[in-house]
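I've put the structures underneath this note.
One chain, subunit A, appears in both complexes that follow, with subunit B as partner in the first and subunit C in the second.
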Partner chain A sequence: MIRLRQLAVCYWLQLKILLFSPFEGFLAVVFPLMFATAAMLVYEVGGDPEAILYAAIGAAAMGIWTSQTVSASTLVQRERWAGTLELVVAAPTRFSLVLLPITFAMATIGLYSVVATILWNWWLFDVRLQVENWPLFVLSILMATVTIALFGFLLSVTAVRYRTSWALGAALEYPGWLLCGFVVPLDLLPAAVLPLSWILAPTWAVEGMRASAAGESPWLDLAICGLVGLGYAALAAYLGVRLIDSARRDATLALT
Partner chain B sequence: MPSRDPGRTVARVPLTDTPAVQARDLRRTFRSRSGIWRQTRSEVEAVKGVSFEIAPGELFGLLGPNGAGKTTTIKMLITLLIPTSGSASVLGRDVVTDVREVRSRIGYVFGGDRGLYERLTGLDNLRYFSELYGVPPREQRARIGSLLELVGLTGREGEKVEGYSRGMRQRLHIARGLLHDPDVFFLDEPSIGIDPVGARELRATIAGLRDQGKTVLLTTHYMFEADELCDRIAVIRSGEIVAEGTPDELKELVSAGRVLEVETYGVHDHVLDRLRVVPGVRSVVVEERGQLQVLVVASEPGAEVTQPVLGGLDETRVGRVSHRDPTLEDAYVELVTRTGA
Partner chain C sequence: MVSLRIFFIGGLMSYRAMFGWMNPWIFVPALLVSPICQILLFAFIGRSAGVGDDEFYVIGNALNYAAIPCLFAMASTIAGERFSQTLGLVIATPARRVPLFLGRALPVIANGWGVAMFGVVVGSLLLDTDIPTSAWPLIALVVAVGSLSSTGLGLVMGAINLVYREGATLGNVLFLVLLIFTGTNVALDDLPGWMAAVGRCLPLTHAIEATRMLGDGATWGAVRGLVATELLIGLAYVVVGLSSIRVLERLSRSGATLDRI
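Up next is the complex of A and B:
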């Protein structure tokens, strides 16, 4: 009961921080739209409506990915810069329960960016999403948002100990577009990198979005997506404890 | 819990009582690497075997020069750093193995203006930490209200912290540290950057905590603050405790009687060396005051050193000569500058 309230209040306050941060605001609002526009323009040349739908869905997911990987992986680093990392670690609440509401606040911003991208494409390119099964499509979007947030959560936990790991999140931003098959079908990627795509939950979420738009069953994709996402959360919770201990041993909590 | 009488004579509590804070031979080394191509590892021994006890309800001061290891010691006690060796407990709980319990019963405030969420209001900052410290929802509002009152931020709590002055941030920090009504409170240079009036209010607040029976560990670079507040003080130098006692006991270390101050113009080092071996002289410290150098001479109990000292200064221009009671600062300066120890 108190736990839930704690999560809710922390979520709300963290969302306030994110909404008031101009940097995040800019990323969340403008970037996804620019990338979506670029993707749409490229696909529009072909004029194939199926391909345009493909691009529209991919662009929406790309928006979440872009707005979240960087900000989520820098999350711990930002707390460290602000000097609050030590304070939240010194609080009796488990560290993963501190990070979880922040992750969900980010997912909320990501969700916003999907909706914005869909509306933008509709308005600018007149792409009306042909979706056969709306409830499942929305569910897939939610899964994409949450699992991408969890992925950022995992990256950010490692930043507790490894101060530069936030850079990994930033470096993953563009390869992620390809690896998750947002705008280019996975079949085009070399077989050697496919395992990387498989362990990225958004790959499965986008598959789910496409399947539900096409009226096929997204359940298998979503189940895998959920499992991978849970894997991230479990790994992050486990690493959270280990890495905080190691940060206490190596004195990296306070260093900027 | 022992009952404590008000005033500052509480310091000594029978040994059977669990100390509120106990450090046993605490050590901490830091490893750092430098250089990109050829990494050289260097080790800094920040704390070298520190032991002390703080009785429940005691206000304990930890004084020492920059880099002496005060913050490092505190961070080990509040579970943010694991000691390299030695052990420590807070309220009888080990700070390495009983982390959760220790964390929920201590408060921590450090000086400076970091450690707050700039984009949230003061009130929201307090709300956030209330949640993390599990302050019961029903008590939160009243608790936050009374703390804002205590630190004098009532009426400003709705503003974003990014617009707060340094002193306001510092007060907000203190309110934050007290949210969960901790039994032991760690204050690391809380008066940094606070104006004189604010600093006086802060001292009153800290004294109030002691009167409520809280145990407080305070570090500060202001000697009068330590003198006014602390029941007992430990002076730490290069990671080792060099003296421990009540402020009065420390002052006696320097001089049982009075301190001689001599204003001089252009005193030479060899003259100082000569004065230091005058019988009865314990220490000679030079304070630069603009053109003047003031020699602060501490003497052995009962020794009459004024004449011999002035005699030793025959080739130096001498100004005013005066006597005064020793201050904590005299004791401190002597303790941390004494060579060899």
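Up next is the complex of A and C:
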């Protein structure tokens, strides 16, 4: 019960902080929205309605990825700057259980971005999503949200000793949009980079979204997505303990 | 003589102290990896949509990315001073404002030029585009003019930062405006009329168009007008930026908001 309360309080507190932040709230929605707009403008010039719909489905989920890459990679750094990192690490609650709800709060911003992008594309490009199976489509979006949050969890843990991690997070934004097939079919990418796409959970979630929209079964894609996401969580939990121990041992935790 | 010293030495010192991206752990991912990734993203979007060729996206996005160091570095000269609690000293100094702030702009223009040229060269190599060898010197010149005009917009942004503290958010919003309106990924002729009209008043639009023409084998005579327009737009932004600094400096002093973080 105490654990649930801690998770809920941490999630709600961090969500409020993010919503008030112009950089992590407003920009986390606007940045992917404008990149989705640029992509949609290119597809509009092409004029192929099927390609436009294909791009619109993936573009909707671009914001979930953005909400994690920059914010999650700077999560520990923000605590460090605020002078609260040692308190969080020294607390009796496990460090990973503090980070996890924060990344879910970030993913909630991403979920808001999905809705905003769908409405934006409808209003600006007159693209109405034609979805055969709405419940499974929504489930796929939620799977994307959860697994990207778990990726953010992994990212925040691994970046604990990287003091300029925001640059790493920002650099991950475009490759993620490309490799996960948000707006580009994976068939177009060189075969050498496809294994990278396969180990990114959003790739499978986006495939699931497209399958649901086309009336096909998304279950296999969603199952793989879930497994990859669990892999992120397990790896983050393992690394979390070791990296924090190492930072404490070397007394580098508070170094800005 | 004093103004020249402030222009060159002061500008260089400010750049080294305030431009946080000098750190290779930031410079490499933010200014070398990211532009290449943006180029690849839109080149593949273009291939998927069947619109434009790779060269179109390499040039558009490489030049567009020059805006990142140009906008953010100029904002850093204000925000960084504020964070270091030295903004009041800079503002109180009797030094003339024109060399003080233009000196800070010079290394930024060079930085923006380097980032954009890196994007064009590496993007061209990765995507095997066919830019004639003879075009490269002129492309380098046009990119320099584009960097200057982006820095002009950065100067305006730096002025706004005297009274508005969310410089990073503002910089990103301006970058997005440039991405959509300057013909980076969609030629101006294919944009709605009002968007193309806005684009023609922004930095980079004419530089991107001129660079694409040079990449297609155009001569200097064919792009001279575009380069001159880009230069004029850049200078106009520099003038607006310097004037804004003067006005907003007075406002921030009267409102006692100079050191508020």
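Heads up, the rule we're going with is that the second predicted complex is superposed on the first by the 250 of 256 C-alpha atoms of A that agree within 3 Å, B and C clash if a C-alpha of one lies under 4 Å from a C-alpha of the other, contacts with A are read in each partner's own complex, and residues count from 1 in each chain.
Rule of thumb we're sticking to: a contact is a pair of C-beta atoms (placed from the backbone, for glycine too) under 8 Å apart; a residue touches a chain by one contact, two chains touch by 3 or more.
Quick caveat, the model's predicted, so the values are computed rather than measured.
**Student:** Would you mind checking whether subunit B and subunit C clash or fit side by side on subunit A after the superposition?
**Tutor:** fit
**Student:** First (subunit B), second (subunit C), both or neither: which does A:Leu100 touch?
**Tutor:** neither
**Student:** Applying the touch criterion given at the start, work out whether A:Ala149 contacts subunit B, subunit C, both or neither, answering first, second, both or neither.
**Tutor:** The answer is neither, since A:Ala149 touches no partner chain.
**Student:** Quick check for you: in the superposed arrangement, does A:Val131 touch first (subunit B), second (subunit C), both or neither?
**Tutor:** The answer is neither, since A:Val131 touches no partner chain.
**Student:** According to the stated criteria, A:Ala38 is in contact with first (subunit B), second (subunit C), both, or neither; which is it?
**Tutor:** A:Ala38 contacts subunit C only, not subunit B.
**Student:** Give one of first, second, both or neither to describe whether A:Leu178 is in contact with subunit B, with subunit C, with both, or with none.
**Tutor:** second
**Student:** Tell me which partner A:Ala91 touches in the superposition: subunit B (first), subunit C (second), both or neither.
**Tutor:** First partner only, subunit B.
**Student:** Would you give the minimum C-alpha distance from subunit B to subunit C, in Å, for the three-chain superposition?
**Tutor:** Shortest inter-chain C-alpha distance (subunit B to subunit C): 10 Å.
**Student:** If we count contacts the way the header does, which residues on subunit A are in touch with subunit C in the complex?
**Tutor:** Per the touch definition, subunit A meets subunit C at residues 22-23, 26-27, 30-31, 34-35, 37-39, 41-43, 45-46, 48, 51, 55, 162-164, 167-168, 170-171, 173-175, 177-178, 183-185, 188-189.
**Student:** Tell me, which parts of subunit B touch subunit A in their complex?
**Tutor:** 30-31, 78-82, 100, 103-104, 108, 112, 114-120, 124, 127-129, 131-134, 136-137, 160, 176
**Student:** Which positions of subunit A touch subunit B when the two form their complex?
**Tutor:** Those in contact with subunit B are residues 2, 5-6, 9-10, 13, 16-17, 20-21, 82-84, 86-93, 98, 245, 248-251, 253-254.
**Student:** Where on subunit C is subunit A touching in the complex?
**Tutor:** Residue list for subunit C touching subunit A: 21, 23, 25-26, 29-30, 33-34, 37-38, 40-42, 44-52, 166, 168-169, 172-173, 176, 179-180, 184-186, 190-191.
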